[in-house]
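Next come the structures, one after another.
Look for chain A in each of the two complexes below; its partner is chain B in the first and chain C in the second.
What follows is the complex of A and B.
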């Protein structure tokens, strides 16, 4: 029966079921990413975000929630300019984080 | 922690509820959704328990729905509420009890706002005088009608003809209690048990022999949320919140839901039909739903009132399985009989949800 509306898809994240392998591996390589406070300074300063949708904050959030498919496209838009690293108030090397993430995606288990 | 310390902390979560002499204000929507609930609040408190509850035919809406839907400013709601206070003062009462949770939240918010900004109260007094030449006193005590039933729960238990117990097995019935968001989420100290441990309904269930279910989404909104439901484009979101609650309570196999808000029982009841039609999912045994009752209906059943006099036939989810478990007698032939045995129209049955 058509009521003119339907159930909205759930945005709940079941952390017991999602795949956090990539985030855990990245945290092993650079434990600093666990100190991220999600302030968004990295995303605000990103040159490519305005036209490509790239956002380091979103990348980290997606990794913490195991949403790999959201990360891949964003990572491909990063130019590795390093401006995000310069503004991070927690001193996280976000440029290295992105590079590591790209390498792990390509199954290159090599530390920077 | 030492026992006395615990008692002291818990005393901060208690609310002073006078025993008698209340001015009662009704809800706009409850009389349409559950027409017998407000009547039986008065029957239970006045006729059965002998309390003085006064209501005036001159009272109006409190403006709460319009205020929460952003269609009137708070000052307008304040002037409407000031008029209700004037009616209470003129009738010689100092304690105000509301039938509606949103009215309760609205009154509480306005009283708190006036306490913080006395100049605003002075302006509203002036506006009310200009509009209708009335003056008022701010209520000494403000309570929701469920606070009173909670206070009288022991007396109701003493007079109980039926208990929230499975007649066959002797086990307590599993009851989900759902408290309206505007009861204590806005002003925690106004509700019994505060926002963290609201026990206004669980206290009733315990006193009448039932077992309260503690499930993950127990304090989640029912989904009504005013602007979620009133805008048709948002109704899917409204229903999704209800769906989330049902998915969360389903593993505990509840026998009934009890609520103290006008909207919650409506949405917890009617959305079961819509979810069943759209998703093919039902939450009760064998394709039935979980009956969602108001606290007056539950108190009425415990006190032995005829289920059809309580208006249980206007619920989408049939109450028969619950009545059978409690051992409450009912006559299926008279389910759709109105006042003076006038035949009401019999509704069509849903495709998926079993209703009787």
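What follows is the complex of A and C.
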């Protein structure tokens, strides 16, 4: 039936339905990642960010919102230079986070 | 005569001494430098009312009549007596004291330690402290005559584990807003930017001050921590940050960059707390007996604390604590007669 309009799917983030498997696994390996305050120092200083959209801040957010495709896309643009680790005010080992995420990514994907 | 030692002649020490005198006790006020007033004596006007700092210091001084004041001297030793302490000063004076109030305040984070911000390296990078001096008429060649763009960097040496200080300095967000408003009033054509991670404006009238900065002064608030600063070929300063709300990198050349250097402990606290066998907090500030019930009491009977020596404080907080510490001394002496 044609009502003359369509309903778009809701863009709301259903926090109770988000898949946090990878984020929780990463936080087990390094609880420090939970202390991110989203300040953007890592992205501002990133050698790749301006050209590729890589951003540790966005990776951490995407992990917490279950947006796994965004995570994968961003991680593939990291050059592992470690500049982000130098500027993080919370002292998060962001470079290790990226490595751990790459290592775990495939395993967790299979489980869910 | 038996004295009450008040160590530190900033606003907290001055107010404590004045109150003790009013309560009929004999304070001796000890200040390391040659002048009373502490940090506030270097400020121009105070948030949130833009009231003049020198007037506050003058008023506090006028209430110290009859108080024994020792300037330009430090504590050489504090030796426990049967009741109280024997206070020996570096100028050789000795005072028997029944109680002690520490009011040694804070020190400012040395901004040159955050090398990536270029303090002491680039020509137009100053601190919040330097800017207050400039407001007070001290010439500063780093401040250009007609700046077109001015930036404020929040949280310099605060909330920064790598800088060795994970605490929020509490007063620098509102100080940045105050200084941004003052700069905009002096240079109405300039664009003024504040780079922040979170805005922490907790005090009475502070949010109104923020609204004034937004609505009346058109100050731009950019939510992103500055990661580094560079100098451009024409001698301006280029700031690198992420505008986290749009998720994009921002770059902006500025004619003046002001670093909001944070509040850290006074290193003297260690020697003083050792002298009375008292622990310090792990951030180097004095340890209060109870952070909720009474911040001006220490774990040690007869030793009290006032102002920024226990952590970042605003002026009204430091003054209120001074009054509380004086009352605590009074009650303590009454109880131990």
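Basically, the second predicted complex is superposed on the first by the 96 of 112 C-alpha atoms of A that agree within 3 Å, B and C clash if a C-alpha of one lies under 4 Å from a C-alpha of the other, contacts with A are read in each partner's own complex, and residues count from 1 in each chain.
Everything below uses one rule, namely that a residue touches a chain if its C-beta (ideal position, glycine included) is under 8 Å from a C-beta of that chain, and two chains touch if they have at least 3 such contacts.
Note that the coordinates shown come from a computational prediction; the quantities given were computed from them, not determined experimentally.
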{"item": "Partner chain(s) touched by A:95 [first = chain B, second = chain C, both, neither]", "value": "neither"}
{"item": "First, second, both or neither for A:49, with chain B first and chain C second", "value": "second"}
{"item": "Chain B versus chain C as contact partner of A:6, first or second or both or neither", "value": "first"}
{"item": "Touched partner set for A:41, first chain B, second chain C, both or neither", "value": "second"}
{"item": "Touched partner set for A:87, first chain B, second chain C, both or neither", "value": "second"}
{"item": "Greater chain A contact set [chain C / chain B]", "value": "C"}
{"item": "Chain B and chain C footprints on chain A, overlapping residues", "value": "none"}
{"item": "Interfacial residue positions of chain A with respect to chain C in the complex", "value": "37-45, 49-50, 55, 57-58, 87-91"}
{"item": "For the chain A and chain B complex, residues of the former touching the latter", "value": "1, 3-8, 10, 12"}
{"item": "Contact footprint of chain A on chain B as seen in their complex", "value": "232-233, 235-237, 239-240, 243-244, 274-275, 277-279, 351"}
{"item": "Chain A-touching residues of chain C, taken from the complex the two chains share", "value": "116, 155, 159-163, 197-198, 223-228, 240-244, 247, 249-250"}
